[in-house]
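One chain, chain A, appears in both complexes that follow, with chain B as partner in the first and chain C in the second.
Let's look at the complex of A and B:
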């Protein structure tokens, strides 16, 4: 059931109605039922996977909590007779127990993710080797169902168990409440990847009907639908034409496809998240923001702090930091500083940990070399910009342009272009073709063709281009207004007729310009596939 | 505290670490800085700051970080 389907709108309407009709103490139970129903509509088999992850993580969370309770009770009981060393060694022993429980949970659940998502990728690579060395019959691919949103809910559940292990959250006693945290349907298929500590309180709370919050949520959903149906799904037509025919559309067209895809992905993903957060807001649930005007970033590092923020912080907190500060890495840091000098030596472990994180980020997005290349491409660019930092500093000391509007504009455009170049790996069927298409932008020599009417051969009409231009202007305008706070809050302060015109106008735009209708199959959100 | 302030100032000479108390919230320190600090602290104080302690409350100010180091030293 896509967010853009009529069925989903009907599902939401019934849910919203029931949610505020039933006693507030049952609201979370209704949400759990709705979440499982939503997942069941996608494919009943998926439920098996999410149940296994839910029950195993909940159970191990409870075990970790139980070990900790035993520890507290024992230490309280033997407070007098234990000296500092005895206490320390007892704590170490108990910590080891919780560590083993954590490892079991991580291996089991990340193992499921790895098997369902990457088995065929491994087989295809093994087959490539078999083919290359002529070693006999290739292996057969296996038919495994990849549950919708498995990367998202697994990461959310694993974040929870790590937080329980670290003691930053208390394990949830109630299995059904925990099941709701893992399966909360608005964010199940494309995030944000919420932290238990951030989401649980409002998820399980009672929410009396508040028209102002409900209307803010509906407005956010409408804006999300505008981005998805009016911009992203229209742009998709052009993107598909350009990237699926690389022999025809190379050079200038590859550049155009790259820009089209940047806009499509932004509208698609941020639109999907707007719908998610909007639905949650209607239900009174506070979901963490996932974007902070990413296309206004002045560097790639900044961009990754503003794009898909919940995924970025997940990788930072649960992979980058633990690897970077583990004892072997600290030893490596010491050794590399001794061998290579202070400046270079201290960067070695950071770059090594970053490599692991970007490799993981790439493969998390999809089981293909394209995504791995994309992840590592990001790593290379970030490392280069880090190494060039002293050069930038010298440049800024000499030319005082840092605060100027045009320099900031240059930085923003540079970042958007760099990110868009890297995203070409998402577009083309394999890595060599991506490099060929990238190279063709400089050697294609067909830039004049963009002006001879060929843009109208890409499946987009002049009206489509006008609508896309209007959408782009609106996106930029909204992002600029957002610099000083929520746009919806600002609109709320307008007189009634102003609010009516704006929201009714946006509704009409979605209705009249949206790429949907009877017989039209609105496209799946790009991030649903991850 | 002097040693810690020295470590921090080497990293960002332009920041007044004695008064600044929003080092993480205002994104003055990024993840690479934090790892550099932890590595230096491990050398200078012989204290290992594990990942679970990397939260804004512990890194927002030099004082908070110093308190954390002292707490970990006591635990050792």
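Let's look at the complex of A and C:
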């Protein structure tokens, strides 16, 4: 059930109605039923996977909690008898137990993710080797269903179990409540990846009907639909033409395709998140924000703090920091400082941890070398930026342009172009082709063609370009206004008919300019695939 | 509180009203160019006491003139035809017609037996949008929608035509609430001539059997007519193309015989009808022009009079007056088209 399908709109309408009709104490149960129904609509088989992850994670969470209770009880009971060393050794023993439980949970669930998502990727690589060395028959690909949103719910569940292990959250007693946390349908397909500590309270709370919150939620949804249907799905037509025909559309067209894709992805992903957060808000549930006007970032590092923020923080908290402080890494740090000197040596473990994080980020996005190259490309750019920092500093000491509007504009454009270049790995079918198309932007020599009417041969009409221009201007305008606070809150202060005019105008834009229905292919959200 | 209630009601009125107006504006009007989409709706304002109802595709609405059937045989008829009307659409149009009247004879053109599955959205629209809402329309939509279509798009056509705002023309405003007639009791008139040239050779088919779905609806049509005491007449219009295969002909003959139905293949009667495909077609043999349609109607009128229960109703004053008015419109259309196509009077 696509977010943009009539079926989904009907599903939401019924859910919203029931949600505020039933007694508030049953609301979370209704959400659980709705979430499983949503997943069942996608494919009943998917339910099996999410149930396995839910039950196993919940069970191990409870076991960790039980071990901790036993530990507390034991220590309280034997407070007088145990000396400091005995207490320490007992605690270490119990910690080891919880560590094993955590490992079991991580291996089991990340194993499921790895098997369903990466088996065929591994087979294709093994086959490539077999082919290269002429070692016999290639392996057959396996037919495995990849459940909708498995990367998102697995990461969410694993975040929970790590938090339970760390003691930052208490394990959930109720299996069904935990099942709702894992399967909450608005964020099931493309995130955000919520933390249990952030989401659980409002997810399980009773929500009396509050028209103000409901209307704010609906407004956020409408804005999301505008981004998705008016901009992203229209842009998709041009993007597909450009990237699926690299022999025809190279050089200047590759550059154009790169920019088109940057806009499409932004509108698609942030639009989807707006819909998700809007739905949750209508239900009274507070979901973590995932974007903070990323295309206004002045560096790649800043960009990654503002784009897909929940994923970024997940990788930082659950991969980067644990790796950075693990024993082998500390040993490596010591050794590298000794061998390479303090300045360079202290960077080795950071760069290595970053490498792991970006490799994982890449492969999390998809089972292909394109995504791995994209992830490592980000790593390279961030590392180079970091290494060049002294050079930048020297530049700023000499030319005092840091705060000027034009320099900031330059930084923003530079960041957008850099990120767009890296995203070319998402677009083309393989890594060599991506490099070839990137190179063609400098060697293609066909820039004049963009002015001879060929833009109208990409499947987009003049009206489409006008709509896209209008959409882009609106996106930028809204982002600029957001610098001083929520746009919806500002609109709320307008007189009733002014508000009505604005929101009804936006609704008409979606209704009339949306790329939906016959003649347009219903497009999944790009992040549904991850 | 009262003020708030008023505001809510006013908001709803503005919302619903403006969306309805927009929908009216955006829906295609079918008054120029492709007018076939207007045919189905033209039935409803008619006085409903017809003796003969035609159902089927372009081979009925372009090949028979109810005006001639009335003037020369006193047969009061209407054609509920539409472009590429599929057999289930014909069936549900028949059901829909029977909500208003029970004719003595229903004439069905059998070319659509060749389609067993939904075909094109554009043709679906031209047939289904003109139907008034009833269970027949609901079932017709359900049976017709292609994979890319959604039922809801028929309930709220604005969802289908939302992107037409960029191609709105004067006619869209002019005919927002009212439309002009484009047919003459369902007959789409053309007076111009384009002689038949070379007809493409028929392509061999993998399977010549009509599909199960098509047969199922033909069975339902037969049963419904029997139940209502209507004589169902099956015809194959004299169009030279698309090709009508011998194997198809055998199946229709067999079906007609098994079900005791009158079946007339006009392709075998071209000489008897007096059709000359150098002068009687406007598109090289696919469809008849006015001259051809009037010849065919005269011949068919004789058959209907001789082989069915229809009677001459020219004595009924009300009908006389109605058809006299229709004749005026008929002649005006002939004069208009002759001028348009620069044909000598």
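Here is the rule we use: the second predicted complex is superposed on the first by the 526 of 530 C-alpha atoms of A that agree within 3 Å, B and C clash if a C-alpha of one lies under 4 Å from a C-alpha of the other, contacts with A are read in each partner's own complex, and residues count from 1 in each chain.
Going forward, contacts are C-beta pairs under 8 Å (C-beta built on N, C-alpha and C of every residue); 3 or more make two chains touch, one makes a residue touch a chain.
In this text the structure is predicted, and so the values were computed from the model without any measurement.
**Student:** Sticking to the clash and touch definitions up top, decide whether chain B and chain C on chain A clash or fit.
**Tutor:** fit
**Student:** Based on the superposed arrangement, let me know which partner A:490 touches: chain B (first), chain C (second), both, or neither?
**Tutor:** neither
**Student:** Is A:316 contacted by the first partner chain B, the second partner chain C, both or neither?
**Tutor:** In the superposition, A:316 touches chain B alone.
**Student:** A:301 in the overlay: touching chain B, chain C, both, or neither? Say first, second, both or neither.
**Tutor:** The first partner, chain B, only.
**Student:** Considering only touches as defined above, state whether A:504 meets chain B (first), chain C (second), both or neither.
**Tutor:** second
**Student:** Once chain A of both complexes is superposed, is A:6 in touch with chain B (first), chain C (second), both, or neither?
**Tutor:** A:6 sits against chain C, while chain B stays out of touch.
**Student:** Can A:334 be said to touch chain B (first), chain C (second), both, or neither?
**Tutor:** first
**Student:** Which partner chains sit in contact with A:353 here, chain B, chain C, both or neither? Use first/second/both/neither.
**Tutor:** In the superposed model, A:353 contacts chain B only, not chain C.
**Student:** Counting only touches as set out at the top, which of chain B and chain C does A:514 meet: first, second, both, neither?
**Tutor:** Second partner only, chain C.
**Student:** Is chain A touched at more residues by chain B or by chain C?
**Tutor:** In the superposed model, B touches more residues of chain A.
**Student:** Tell me which partner A:100 touches in the superposition: chain B (first), chain C (second), both or neither.
**Tutor:** A:100 contacts neither chain B nor chain C.
**Student:** For the superposed model, what is the least distance in angstrom between any CA atom of chain B and any CA atom of chain C?
**Tutor:** The answer for the closest chain B-chain C C-alpha pair is 44 Å.
**Student:** Chain A residues touched by both chain B and chain C?
**Tutor:** On chain A, no residue contacts both chain B in one structure and chain C in the other.
**Student:** Which bits of chain A are touching chain B when the two form their complex?
**Tutor:** Per the touch definition, chain A meets chain B at residues 88, 166-168, 301, 305, 316-317, 320-322, 324-325, 327, 330, 333-334, 346, 349-350, 353, 386.
**Student:** Quick one: which bits of chain B touch chain A in the complex? Just the residue numbers, please.
**Tutor:** Its residues touching chain A are 27, 30-32, 34-36, 38-39, 42-43, 48-52, 54-55, 75.
**Student:** Tell me, which parts of chain A touch chain C in their complex?
**Tutor:** Residues of chain A touching chain C: 6, 461, 463, 496, 500, 504, 508, 511-514, 516-519.
**Student:** Looking at the complex, which residues from chain C come into contact with chain A?
**Tutor:** These residues of chain C touch chain A: 7, 11, 15, 22, 121, 148-150, 152-153, 158-160, 162-163, 165-166.
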